[in-house]
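In what comes next, subunit A is part of two complexes: it sits with subunit B in the first one and with subunit C in the second one.
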Partner chain A sequence: MKKFLPLVLLAVLAVLPLLGLSTYLLHILILTIMWSVIGMAWNLLGGYCGQVSFGHAAFFGIGAYTAGILYSKVGISAWWGIPLSILVVTIFALIIGFICLRLRGPFFALGTLAVGVILRVLAENLTGLTDGNLGIMIRERTWVGKTWYFYIILALATLAFILVKKVIESKLGYYFVAIREDQDAAESLGIDTTYYKTIALCLSAVMTGLAGAFYTSYMGYIDPKVVFALHDISIVAIMVVMVGGVATYWGPVLGSVIMVLLAEGIRSIPRLGAAHHTFFGILLIIIIIFMPNGLTGDISKIKRLFRIGKNV
Partner chain B sequence: MSALLEIKGVSRFFGGLAALSDVTFNVERGDILGLIGPNGAGKTTLFNVVNGFYGPSQGEVFFNGKKISGLKPHQICALGIARTFQVVKPLQRMSVLDNVIASAYLRVKSKAQATKTAADILHFTDLYDDRDVPSKGLPLGKRKRLEIARALATRPEMILLDESFAGLNPTEQNECVDIIKRIKGNGITIMIIEHHMKVIMSLSDRIVVLNYGQKIAEGNPEEVRNNPLVIEAYLGDTQGA
Partner chain C sequence: MTSVQIEVLLQTVISGIFLGGLYALLGIGMTLIMGVMKIINLAHGELMMVGMYIAYALFSFFHIDPYLSIFIAAPALFLLGVMLQKFLINPVLTVESILPENQVILTVGIGMVLSNLATIFFTSDYRSTPVEYATKAWYISDFWKGSPIELSISFAWSVSFFFAVLITALLWFFLAKTDMGKSIRATAQDTDAALLMGVNVKKMRIITFGLGAALVGAAGCLFIPIYYLYPDLGGQFTLIAFVITILGGLGSTVGAIVGGLILGLFESLTATYIGMGWAPIGRFVIFIAALIFIPGGIVSLLKKQRFG
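== the complex of A and B ==
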């Protein structure tokens, strides 16, 4: 039964647009699935390999701008950004990895944080390439409705899910977890830690970049403050995984559902809405204290909590 | 044929402190070499130099006639030297079996082969019944054995054992001695750091004694036991007493 759960979920999602959902609901679904891709990507590097990145907006932004620049400078469809971003993001990930992966633990996190900010400032100032803060506007939308966008991101998410699962069940997965648990031990067991951390970073970056490239085509407008955002991209990527469950297959999926719904929910509250980051912050603190393994990881704890509630 | 491991004039400085100064000795193929000395004598530093965590400040290390000083730990491990840690470093949130599979992957490609190697080694080290336990849940004695199992899974020619007996009760110690004898029986060369004199004297073919980073004695257990320098290092200057 459990084996077929992913297929059932995929089938349900695939027929959803046929039910005539409102544009708004479809938009929420698309955002949720896009965030689950970013979450899966972050989880591969941060959850399994233990390299906590505070700069995944860098890869998201590079993916988004690859698509955007293809449209604005080269004059071809922004959809070409999806295949091309794989190449561009890999190159950037190799450069960033060369610098940041020499650092361990909190220093790696700070390094990636800096990379995200540097790329935002670059995108703001390289006006010849990126049009700076004006951003890039895709003037012709491919589709008026959202149905096809939904199927494209669903396909990307399915591929991402399969990729993560295959990688984690292989030799790479064992090596990633070994590096997370003890880098010195891993090194002395013959694992080239720098090499395998670079692989984890590249895979994670490419998946995030694909989501970014999709974002450009879907939203039709990008600017540096949006796609290289620390609080709206990098931190939310971490939160999606923390809320859902670190180093689990379903954690990022569950986390993205909760985070997107929560963000939409809080934003629609009058006056308090502008402060949704405050709520995210409080939520993160609560989760780190009470459910360090996230919803999927601490499911037994949650069940116990509810049982106690019933007895009283 | 030259010795399996040759340590030639190795020094290692930390700032002004010489943790090792001009240490030279060989480890012969198939032997058990015991490395002893008081606390802070530089035994673990020597392991770290051989294993590649530290480069030597001076001197060179050769393995199978090939210079290995300056290589990284994973390269040295791939050449056939595995090690255990004094402070055990199990991959905590992995099961015992997964711990060993992770290191078995060094020599094999497929998961089936890695699992088979790991299962064989867990049988060899008497850990097979605990294979599904997360390694942080193991008692110390088994964690020490897991260290050995993990090192063996890399199919080494030589294994460096860093205080595999420390903190074990007598039963666990005996199990460990058995395992070490069986490792030797499989033709694997062993260098072992140990404080437990009875164990090291009975196991070792040769013994090297370090004190303040210098080699003060080398020989078979009998010679070392009667060496006045060794007695002085361990018991203090007899004339002063």
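== the complex of A and C ==
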């Protein structure tokens, strides 16, 4: 049964738009799936390889701007951004990796955070290329309804899921985990840690960039403050994984469901809507103190908690 | 160079040094916490933002001068820092998890809550404290009649710089001469050895976090007469503090002072000669250059000089 769970879930999701869901519900679903792609990407680098990145907005933004610039400057459809962003994001990931991967642990985290901010400032100031703070607007939407967008992001998510699973089950995955557990020990066993960390970074960056390129086509508008946002992209990417479960296949999926629903839920409450960062922050603090491995990772802990509750 | 160009250059250098003095204060707080606790406090800028809002509130409700509110904001931030360390960060240090960077993510969470609470209480409008001396300045021709060049020095900037130097000196005295300061430095050097020598490491950690927060709160009070204030300003100052610590050398107070001055000068120069919007880029160029060329920070260069 467990073996077929992904297929069943995929089938259920594929049928959903045919049921005539409202546009809003479809929008929430699309956002959830997009976030689970970003979560899976972050999880590959942060959860499995142990390189906690605070700058995934950088890759998201590069993907988004690749698509946006193709539309506004080259004059072709923003959808070409999806294949092209793979190339562009890989180049950027190699450069960023060259600088940041010489840092370890928390310093890597801060290095990537700085990279995210640098790219935002660049996008704000290189007005010739990015139109600065005006942002890029995609004037013609490809489809009026959301059904096709849903299928495209679902396909991307499926590919991402398969990619992560294949990578983690291969030799590469074992190298990643070895690096996370003890980098010096991994190095002494003959693992070229820098090389494998760069691979993890590139894979993770490309997946995030794809989500970014999709975002441009789907939302139709990007600006530096939105796609390079620290709190709304980089930190939420971490939260999706932390809440769902670090280093698990289903953690990012579960996390993105919870985070998107939570964000939408809080925003819909009048007066409290502005406070959604407070709730996110408190949730993050609680998760880190009580369930540092997330809902899927600490499932035994939760079960134990309920058992105690029953006995009492 | 014509005399106008020299004037512009000198003016830029002076404002760079003033800015650097304030940055140094910011960096020292971060580097202290980093040295003693081995964690990076990503809520550092947000703590400064809290200090600035305290000064702002005191000014607008009770008309207390921002410089006087140091004496209220710094103790308040000390208490806040102690509580954060005691109730949030200490418990996490003992929790087992897959990712070792949990404390860093925790401080991000704290920062998010602080800046969002500030948005709720004070709205996201830009604020400032319109003190009457904000536009006052000193001119070099007031002191030296026949001066060939004319320089002006903002009154508020120079007072802030003076206070920053004073606080740094007091801190140096505290760390170098008092028992508690010595214990803090011992904890930073080697936690286990300090523990064996009878230093209450746990207490030192709590005090250090409080001290770092108090320093940054004081820096906030010095910044508010010359800067504007909005709830999201914390993030950029966290990054500045981090760049200073990387540039100066992790955990080194001297490094933080030198790093702060270099960063202030460099930012001021980029702002004058390249453009205001590019100043943040200058900051990160320094950051990346420091990572690639002097990974140990300026302190490692100084040490090499001494023993090499």
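Operating definition for what follows: the second predicted complex is superposed on the first by the 309 of 312 C-alpha atoms of A that agree within 3 Å, B and C clash if a C-alpha of one lies under 4 Å from a C-alpha of the other, contacts with A are read in each partner's own complex, and residues count from 1 in each chain.
In this text, contacts are C-beta pairs under 8 Å (C-beta built on N, C-alpha and C of every residue); 3 or more make two chains touch, one makes a residue touch a chain.
Being a predicted model, the structure only gives us computed values, none of them experimental.
In this overlay on subunit A, subunit B fits alongside subunit C without clashing. When the two complexes are overlaid, the chain among subunit B and subunit C that reaches more residues of subunit A is C.
After overlaying the two complexes on the shared chain, residue contacts for A:G111 are found with subunit C alone; subunit B is out of touch. In the superposition on chain A, A:D182 makes contact with subunit B only, not with subunit C. Legend: residue contacts after superposition of the two complexes on their common chain; A:A274 is shown touching subunit C, with no touch to subunit B.
Once the two complexes are laid over each other on the shared chain, residue contacts for A:I191 go to subunit B alone; subunit C is not touched. In the superposed pair of complexes, A:L122 makes contact with subunit C only, with no contact to subunit B. Closest C-alpha contact of subunit B with subunit C, superposed model: 7 Å. Common to the subunit B and subunit C contact sets on subunit A is no residue at all.
By the touch rule above, subunit B contacts subunit A in their complex via residues 51-53, 72-75, 77-78, 82-83, 85, 89-94, 98, 101-103, 105-106, 109, 111, 114, 150-151, 153-154. Remark: subunit A residues 46-47, 50, 52, 54, 99, 102-103, 105-107, 109-111, 113-114, 117-118, 121-122, 124-125, 180, 230-231, 235, 238, 242, 246-247, 274-278, 280-282, 284-285, 288-289, 292-293, 297 touch subunit C in the complex.
Listing the residues of subunit C that touch subunit A in their complex gives 39-40, 42, 88, 91-92, 95-106, 108-113, 115-117, 119-120, 235-236, 239, 242-243, 246, 275, 277-278, 280-281, 284, 287-288, 291-292, 295. By the touch criterion given at the top, residues 169-171, 174-175, 177-178, 181-182, 184-193 of subunit A touch subunit B in their complex.
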